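What follows are several structures.
In the two complexes that follow, chain A is the common piece, with chain B as its partner first and chain C second.
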Partner chain A sequence: MTIGAGGTRFPDGHIDWIEAAAIIVAYTIAKAFLVFPERMVRDGITAGWTIPIFSALVSILWLYPLVLLLESHPGKNLVEITGLVAGRTAAILFGMIYGIYILGIGATVSREIASALNVVVLPLTPTTALMIIGLIVSLYIAYQGVEVLGRLCAIHAVGTIAVMVLLSLMSSRSWDARQFFPLLGPGAGRLGAAYIVRQSIYGEVLGLGIVGAYLRNPREETGKAARWSLGASAFALTLTALTVGMVFPYPALVRVAVPFLRISRYIFIGRFLQRLDALFVVVWLGVGVMKTAVGHYLGAVTLATTFNLKTYKPLIAPIAVVSFAAGRLIPDYSTAIILDFDILRTYGTILVAGWPISIYILSRFTRPEKEGGGQ
Partner chain B sequence: MFPFGAIKRAFRRPSRPADFTLGKRGEPGIPGGGEDVVRGVHRERRPFRSGTISRSPFGGMSETEREDLGRRLDKSLRENISTIMDTFHAPRNSDLTVREIEINWRDGRRRAVCLFIDGLSDLETIRRHVLAPLLSMDHDAGRSSVDPRCLAKKVLSGTFVDFGDTFSEVVAAIVGGETVLLVDGEDLGVIVQTRNPEHRAIVESPAEAVVRGPHAGFVENFRENVTMIRLLLETPQLVTEQLHVGARSHALFGIMYIEGIVNPKLVDEVRRRITSVESGLLMTMTILERLIEDEPYSPYPVMLVTERPDRVASMLAEGHVAIVDSSPSVAVVPVTLWTLMQSPEDYYIHFVAASFVRVIRWAALLSTLYASSLYVAIVTFHHEMIPTELLFTIAASREAVPFPAALEVVVMEAAFELIREAGVRIPTIIGPTLGIVGAVIIGQAAVTATVVSPILVVVVAISGLASFAIPNYELGVLLRMTRFAMILAAAALGLPGVTMLSVFLLARLCIMRSFGVPVLAPVLPSWRHSADTFLEGPLWIMRKRPQTARPLEDDRQPQRARPVKPGESVRRGRVPERRERR
Partner chain C sequence: MNGWRRVMVVIALVVVVVGCPGCWDKVELEDVAWVQAMGFDKGPDGYTVTTFQVGVPRNLRGGVGGGGAGAPSGPYHVTVSVLAKTSFEAIDLVALNLGRRLSLEHTQSFVFGEELARADIRGLASGMDRFREVRGSAFVFLARGRAEDVLRAMTSPLDVSPSRFLQTIVQQHRHTGLFEATQFAPFVWGIQSDAHTASAPIIALAKDVRPGVPTGMGREYPASPGIGERIGEPALPPDVGGASAGSSMLEAGRMPRLGGGPVEVMGAAVFSGGQMVGDFDGEETRAMMMLKGRFERAAFSLPDPMAPEYPLALEIKGLGTRVRARRDGEKVWIDVTVRVEIDYIFTRTQADYTDPRNSPIVEKAVEEYLKARLDRAIARAKGMKVDPFGLGEYVRKTFWTWPEWEAFAWPTKFPDALVNASVKCNLARYGMNLEPLSVPPGERLRKQGDAE
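== the complex of A and B ==
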């Protein structure tokens, strides 16, 4: 049977655009608390903070076709749409690659968070123990389906962005705007290239292609969900990069592994509002758990759709275990960062941008197969 | 006393299922089937809707006995009384009262009996409206009263009169507190409403006391409870459906809602759940709650159980459904977390003050949940979080304490719970004294004995006091229990443990539903909600009903609910002009 024909969307309830956007935002902004600001500065030097803004603008190039595809195929996810437009082989190809991409992102991020926690807060607790606890909670959340995931992410995304704003404001004593000069950083050419390549920091927004199928009114809400997903993510990532860029001079920043955590240590407002880095753990764990939960869910739904399974829930646990095992295979924090930013995200740009654009172009030239056809 | 003994059913008629004769549920004009709308007669009798007597009060009987009760009444009074007395195990069971009388009938004097249960039925009503008219009935009246139906129309002066032609119906009526009149030679029983069990006077609910606002609380009387709600909602749209629940107790429950506002699907769901209960347990509101709630294994309250009529009335006006019984607790569904954190008094004080109190209440919720666990996490794992001076103070106070912080906290919290529980059980006069003295003495003694640190007593006191500020009792109990889990999580992993457990609890909250409505609605999922969801907004801007119960009618009040604009002064002696409604 052709993937997508007959509607293979799982009976998992419905969400509105706020919840859909919240899932994507929670999935995207987790990286802001890890090495992300340092990576931006590496690429853009003093203009590193502009990368999230302009990369978001570049991302519209593939996000817009994705929205059009979802709107024209209500109730279908991107894998199903690919099956209808380009055939089963293309759907399996893209679905598999995207599934592996999600798994990879989940593995590296969980490893990064566990390592950071281990180094900063709980040096005597084994990393594996932290990862297993996180795994259990994220599994439980992912297993509850898209409605629960959406509500939880809405609480979480609002809380996380509020923490970001608070931490940024509380560190205002250390801000120095002179650190933004020269404005173009490494030069217009390199900066422009970084804008294009680093649009992969919004790679998680492609998840809208999966959760968009659950929107209650896809035609009215998909565009809104996409705008808010990208806008809120861009705001959070830019704020992080901007704050870190104003607090640390460029040469120092490239040596700080977790810049936002370091900022929290600089906060000293009065005698009793100081050293908030332990509180940072709460945020870290929150974003880590939510990111992995969303990752497990998206991975399971993607693979279940790819292989025309009737339900996705049995896949959640295997995907979580594979992700956990892959995370344990990564030897250390530095390797996890290299895998995440230099390999997965850099080459993932091709998938993230190429998939919706190519399918949209194809859909303009081909007539979709009829429901139930192609069996 | 009748010489009943060995006279048994010589001529047993073929058993017939006891029909619900006076209008079935689903028929036009009969919303629930419990009230006889067709005849204009209000009944509080057992509706044998299912067509069998399996859902009757005769649970525990053998099949043969059930079949016997499904029979039609006999023309022989002796036969009828024999069967009824056997059913009630009389005369061994002294509750059943059989009042034998002779009445004038069309063909001379006829024997008759009034059957009722002493205590359940009002003796004065029986005397004035049943016995007196019957005994004073002259021959002419008797002549014209050709059957029990005419007797009910012309002689009996009871307010509500009904008929029963099967043993199951008359037995159910007697059990329900009504009086059954059986006449020799007639196979139709007359049921007169005389139910009026003793109940206490209307007093304020101690659990939901308010400084301002009405002080009336529900009592142990179904009719009284319904009346209290009806007094606040004087509208013909307010509907009370009566249902009988439970295989053995066959308790009376009422579903109340405002027709036109309530979502019919919600009413159907409530009705379906209640009528599907087949339990043999003694059916009270709390037991029914356990049997019909969405998540039976979760202690999270998914029904708002309140003792205040004003609270029920206000929620009915928002499209909720109330379940009333003969207990001082009325359940309202669906209910959200935001409703559980509201107190009736919020609407009797200024909205700014109410908002302030709400913030305090939410802070209390967080304190109950996290004060002790954060103390354990910080003292055990995250010393760097606290300012140095405070760290030294804590370290100095804990220097002589031989136990780890987690054990200290658990012991103190357990002691606090012990005092609270003991304070509830012991007599009222010394209860509060024991609570205060116990807390002070145990706390002071524990500090002096260096079993706990002084700062811990402060933390536990804050946590314990905060739990009293939660307006919903069940939510308060849940928070107190969860507090211990938080302490253990903090002791095991510090802040990461607390975070993980919090995420898990949040996920549970996102899953929970109250009669199909997510408990975080209308915030998550984001539905339209009024300005009193989290804080209390001005009453006049709450134009629309919240979407929590998905009401049929959205508008709660016109756009200009206030006759004057906020800040607009009114000249003395002049009534402000009426504004056009938009």
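== the complex of A and C ==
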């Protein structure tokens, strides 16, 4: 165990801000290819596309304190910082809840992606088989540690956002800006509430509180990593919601299970350039595997820190298996969506926003315990 | 790489390599029957007649004509109709007959029979939209009569493949404006929208196709009529009359024509929800496309303003449509301005519209002619209580929130909305000549039908 200025708890190497941001972006934007745009429209109706933008702005309220905490505690993750600032009980409490949150997201997303593949591409392949393939590959990636994860995510995030931009531009013939009217969608009150509740779509950015500990120069790079994590995620999610919102009229969109995939099927640029849904097989496998890999890694590091373990790697496999088993327990696609968006993320907002803010406020009013005091 | 990692890599590779090809979903191309078009008709006792037009790859491969080793040995497609409770069930039933699993992944068109469409196709369209193999970019047609008949004949003498025929015929909406190519996804959206209603192009058998006559490529329907055969008179049916009447004021199946292919597309079926409530002829469809801002180009014939007894043909291009909606409580005013330009003049008189002094005359004539068409289409739509023009999309802009818009119930307000359509025309080009053909002194211009 190495604890000290500039050193991380687990000797897992170092990453720079690009890789840290890429891990968070890869973890965050996977949902864009699933039911996410439909959920935005369900909440914001014709103004659904504005939710990723304003929710990102609201998210700054908890992301900024997180950055300040990481900058003032170089080499320490949020669980360790919680221990230092609020004591070990608080660290265990927050660490446990965050671990469950990560497990829950992993379980629902792996189930959603496997179901989407089942529905669209591989109807006869058992959902379990698809989930096991994703599980094994993601397990292997998570085992490689933060450096390999960071580099893979950098390539993956750029590729995924490029696919989003490409699909979006190629569908431009179907865009109709009239779909955005009435501008206030469900009304200013409900829309404002959606901006606050749906900041949960950036819940994954809290992962910066874990990977931020591995930054080479935490004081210089944490802010940059946070800005790019949130900025790139907001760009990708807004682009998706915007594109889907311009192609589908409101009442039609709320019955579409995987809107971005449907858009790829409407692309008709010519006889030989149409129906690009084949791209989705690659994209789904990619985002599914990377998201679950990042989830396994973050979950293992979080729980290892929470329980003061010397290494996190033995926890990766159990976490992956628990996540897989939980995913299998979800009976169907609709339940997975409800669990993900309406329960886990909605109530997870309390944790995502409340944790960094409360620890930051406490850190302003309490004298920090000595290093290692919270371990 | 240590031993543990090697084991992990091997396990991962084995699982991924074995798993990813998807053995459960393995499909051999030779085991699949690719449906090119699908038709739906009302059957007895609540059943649906579903018709599948399936390409025969063996014969399509060799192309057309030429003979020799690559020459086809049979039909290019087969058409199978089956009676079943649902069209989804029909897919399985036809597989038992053709001996291959049917795939809709390359289906390019869905044709709804008129009787079924007048009953309601909301449920059918919803079910099809949900099916993973159906592509939203496929085209939708309304068959005048039975869809099964149209699908049995649907080909062109210029193309052996029905799918190729479909690809080329839908392109004609851009060049003629006499029908609007409608894709399946927007069609389904129109069924459930409260801002616009769905429409679909009308496809029909030519009026001289007789029941029981095989119409496949190279079969009994003659692409070139026999010597001495004439188009029956009168050229236009009795219900289409007036000074500015023309063949484009008809719909598919009524075109005065001899030879060519056995099917034609013209006009639009108009829906209220999932129910067909009426139709537009070719000219009204052009007006609909103008109001939607989707009109691109068409050839119009109108009375020559300087010699009304002669027709004046014009190539008119759409430059866009501006719609402004105002609302005061329940009352709605909509101003529509359609901008067009004349690109070519086909004149049979000595009227010289290349003379800038005469330009306003033809521009005004076009504006009045098109405005009459627009007003007629709007009036007919109001009579049917449907808004296939999507004017509701503009009215929706006058609301701040969706609940307010929903409570307004646009479909019930459209018939009372004051829609003011106007046309702005610009004579931009005339063709490759400037002045009309000169007439030597002493000769007089003859009207068609004048005694020699």
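Points worth noting:
The rule is short, and it goes like this: the second predicted complex is superposed on the first by the 363 of 375 C-alpha atoms of A that agree within 3 Å, B and C clash if a C-alpha of one lies under 4 Å from a C-alpha of the other, contacts with A are read in each partner's own complex, and residues count from 1 in each chain.
The criterion applied here is as follows: contacts are C-beta pairs under 8 Å (C-beta built on N, C-alpha and C of every residue); 3 or more make two chains touch, one makes a residue touch a chain.
Just so we're clear, the structure is a prediction, and the values are computed from it rather than from any experiment.
Of the two partner chains placed by superposition, chain B and chain C are both touched by A:Ile133.
Of the two partner chains, neither chain B nor chain C is touched by A:Lys310.
Legend: residue contacts after superposition of the two complexes on their common chain; A:Ala154 is shown touching chain B, with no touch to chain C. When both complexes are overlaid on chain A, the residue A:Pro182 reaches chain C alone and has no touch with chain B. In the overlay built on the shared chain, the residue A:Thr125 is in contact with chain B and with chain C.
Shared contact residues on chain A (touching chain B in one structure, chain C in the other): 121-122, 125, 130, 133, 137, 140, 271, 274-275, 285. Listing the residues of chain C that touch chain A in their complex gives 5, 8-9, 11-12, 15-16, 19-20, 22-25, 132, 135-137, 167, 183, 185, 188-189, 192-195, 393-394, 396-397, 399-405. Remark: chain B residues 378, 381-382, 384-385, 387, 389-390, 493-500, 503-504, 506-507, 510-511, 518, 520, 524-526 touch chain A in the complex.
Chain A meets chain C in the complex at residues 45-46, 119-126, 129-130, 132-133, 136-137, 139-140, 143, 176, 178, 181-187, 248-252, 262, 265-268, 271, 274-275, 285.
The touching residues of chain A, when paired with chain B in their complex, are 15-16, 18-19, 117, 121-122, 125, 130, 133-134, 137, 140-141, 144, 147-148, 150-152, 154-155, 271-272, 274-279, 281-282, 285-286, 289-290.
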